[in-house]
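Read from first to last, the chains carry the letters A, B and C; within each, the first residue is number 1.
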């Protein structure tokens, strides 16, 4: 780590002021999380009051969480989230990695055209083509299915672009050596490129999972049956439901939906931060 | 062990011609070096032989068979790369095993976990392990078997790259500057090791290098390439002593050969019958540092003042300023007196070692020396 | 380096100049085939279709439709709500980009010298980036609750009268912007941290030796110029993300009150998926893409200018 200016003087006025500001900002940043969890533990009479306190006088956690799982199929939403994000990620990797390799290390007719299409895809957020995608899925009778949730994201031009950049940085000799050693092109992809591209793949996987676990826009359009709701749809549906005025239960539901990614992030935060920085900077 | 015939290979990158019609015939079991300065096309030629780059025109034959239609992996050649190109995620033993795994095991047998339990798989894996161990033993890297390339030194990585090439019996070995990433001492060591490897394996080697010393010390024959063409092919001795082209003479040999431009009078004084040359006043005369002796300047056809002494311990190189812009370098004969800076000495060139070229650098054999 | 390293990549950069062996061509197409097909089907074709739809009066489910030329665009141009939507999107973007970039940079700089605690701070500030925005939006809604909300309670301690933040025309869009900054600044911070770690320490030593008198002077001399590409990137990516603001609007305000939080993507969503005026929604989508292109082209131009200025 580089430093700005002089080596940190541990107890200087500047350092104390800086830490005070960071602390204040951290309090503000964490406030919604803390308040969410705190409220999810409180009974209604403690919530609907102007008397503020962080820790409930009477712990209502079990009621709130039990109520949340009973009022709507929260477990189902979480399962849907897992199914959808995992399927999307698997498809994206299976399709993007070989393509990225060929774009980086092979010659073939149409390569420039394909790469041009990838760059074009990077420019256009999927929201812009949501209308034709919706019309198309409607025509195919696929709306309100898992397929509708997954299909638009089966291809990730971002994934292709990211992996291609990474493969370009690997020495050509490595590919040539593999060819001389008798590997087919597909074997080179899975046996040489993928193991060597570990950091890039995990960065992309994190990026993809975070994006699709939290995506709200497309599921909102694509599905209407609550058996297919993903977690973000679920929490909003809950809010709009009668139970939504019961803030303790609502915050319990929000906690349940936010927790998986936040927990994963806290467990492997280095990886997450570096992965997101990697996908951002490339 | 196979003969490699390179027939009329042409290649351009964009509009730049890189190879302008290369013909070479590498005998079975021969060690041939492709040597030349950066950009001469030698590596491209090697890659074309390997099947990694496709030629625009011409053909490659291996053991008499046309292989133009074959991809690299189907040509049964092994290649060693300049930066070793080891698989970073595999151990040393696994790296060496790759060519065997790819060739001996079926797709199903190559599957992780499951593969090992298929019928015949156990025996095949055992045979591969034995072969890998044998090669690792030969190269003295058995102790490194479970390490990964990232933990190893350049010399060790180079040995693994060699091991990966040796582990099966390819028709020929292709080596692309395999020593140029090593330090000087290791490079010299590895030279003799590769040469002895060649003797032991009795296989065809095609070796690309920009280092003429490497080519000279290891090869049966060397092919000197420049600007996409082969200028001369021959034994190291022949190329050194009897070059066809001034560029070859200048590229091969260290220290560099002396070259002077001579008019008819000077040429005659040095024993060259310039009248037989097409342009008697535009001759280029070349001679090696060891083909000259320092003599009394009086009456010598060529004389110069000593400007620099280069002491190698075993040899003393004497740099003399003559009329030519570049000083002439002479290897002092141990029996001669030791010259001092500032002294003037005459030069006596052995007529049989004097090489005559025309203004374009083409060798004129009929006017002097052995050819005369 | 020998010519190998020069010539081999050159070899590859000339794709398609001369035919490869057919089976190599086939192998490469085997690798890219699925990707190429899907890019065509779910990217290129929809993009063409969205432009085509924007020239029709198609309504989802309708039996008949006709070509209406630029009527949808003309309609939009005459619709004050649409202009409102564009203005709101721009306002929101300016606020969020400025806020998240500025805060992200400040925090990244502060973290540079903060020693052992730096990873803890970094984790805290990055947390909102990971959390489901729509779920957190609902938490924010509760915190902004006019009667029982945390925000009013805390502000009440310093004498600020309680407000109905999300239902008040003057505060609804700023409130959404604050949520936007809260969610995004950690992302900017991480990019800035990556950029800062790429600045060689020796440059600071040199600045020190050259007599840069203060931390600010060293920042102006070294940090800011070397961070410029990262800053540009952060600004561009935040702008693009801000243009896509939807979750908080849909979950909290539905464009209200009185259209003060009507933003481009929400307008498109409402037209296309609530009123099923597909043609009109497609026209908004085209405008949306055009806005993205303007941002990206501006970035490209700025980058070009930098390169030429060197």
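Criterion: contacts are C-beta pairs under 8 Å (C-beta built on N, C-alpha and C of every residue); 3 or more make two chains touch, one makes a residue touch a chain.
Predicted, not measured: the structure shown is a model, and the values here were computed from it.
Where touching is counted per the definition, the chains common to chain B and chain C are A. Of the two interfaces, A-C and A-B, the higher number of touching C-beta pairs belongs to A-C.
A separation of 55 Å divides the Cα centre of chain A from that of chain B. Per-chain CA centroids place chain A at a distance of 15 Å from chain C.
Of all residues in chain A, those that touch two or more other chains are 184.
Across the assembly, chain C contributes residues 8, 11, 14, 20, 24 that each touch 2 or more other chains. Multi-chain contact residues of chain B, defined as those touching 2 or more other chains: 47, 71, 82.
Partner chain A is touched in their complex by these residues of chain B: 47, 50-52, 71-73, 77-79, 81-90, 98-99, 102-103, 164. Here chain C touches chain A in the complex through residues 8-9, 11-12, 14-16, 20, 24-25, 27-32, 34-36, 38-40, 42-47, 49-50, 53, 60, 103, 107, 109-115, 117-119, 121-136, 138-140, 142-143, 147-148, 150, 153-154, 182, 186-187, 190-191, 193-197, 199-201, 204, 214-215, 218-219, 223, 230, 233, 237, 240, 244, 246-247, 250-251, 265, 268-269, 272-273, 278, 281-282, 285-286, 288-289, 292-293, 296, going by the rule given at the top. Residues 171, 173-174, 176-184, 187, 192, 195-196, 198 of chain A are the ones that touch chain B when the two sit in their complex. Only residues 1-6, 8, 10, 15, 18-19, 21-22, 25-26, 28-33, 35-36, 39, 47-50, 52, 94-96, 98-99, 101-103, 105-112, 114, 117-118, 120-121, 123-125, 127-136, 138, 151-152, 154-155, 157, 160, 172, 184-186, 189, 210, 213-214, 216-217, 220-221, 231-232, 235-236, 239, 247, 250-251, 254, 257-258, 261-262, 265-266, 269-270, 272-273, 276-277, 280-281 of chain A touch chain C when the two sit together in their complex.
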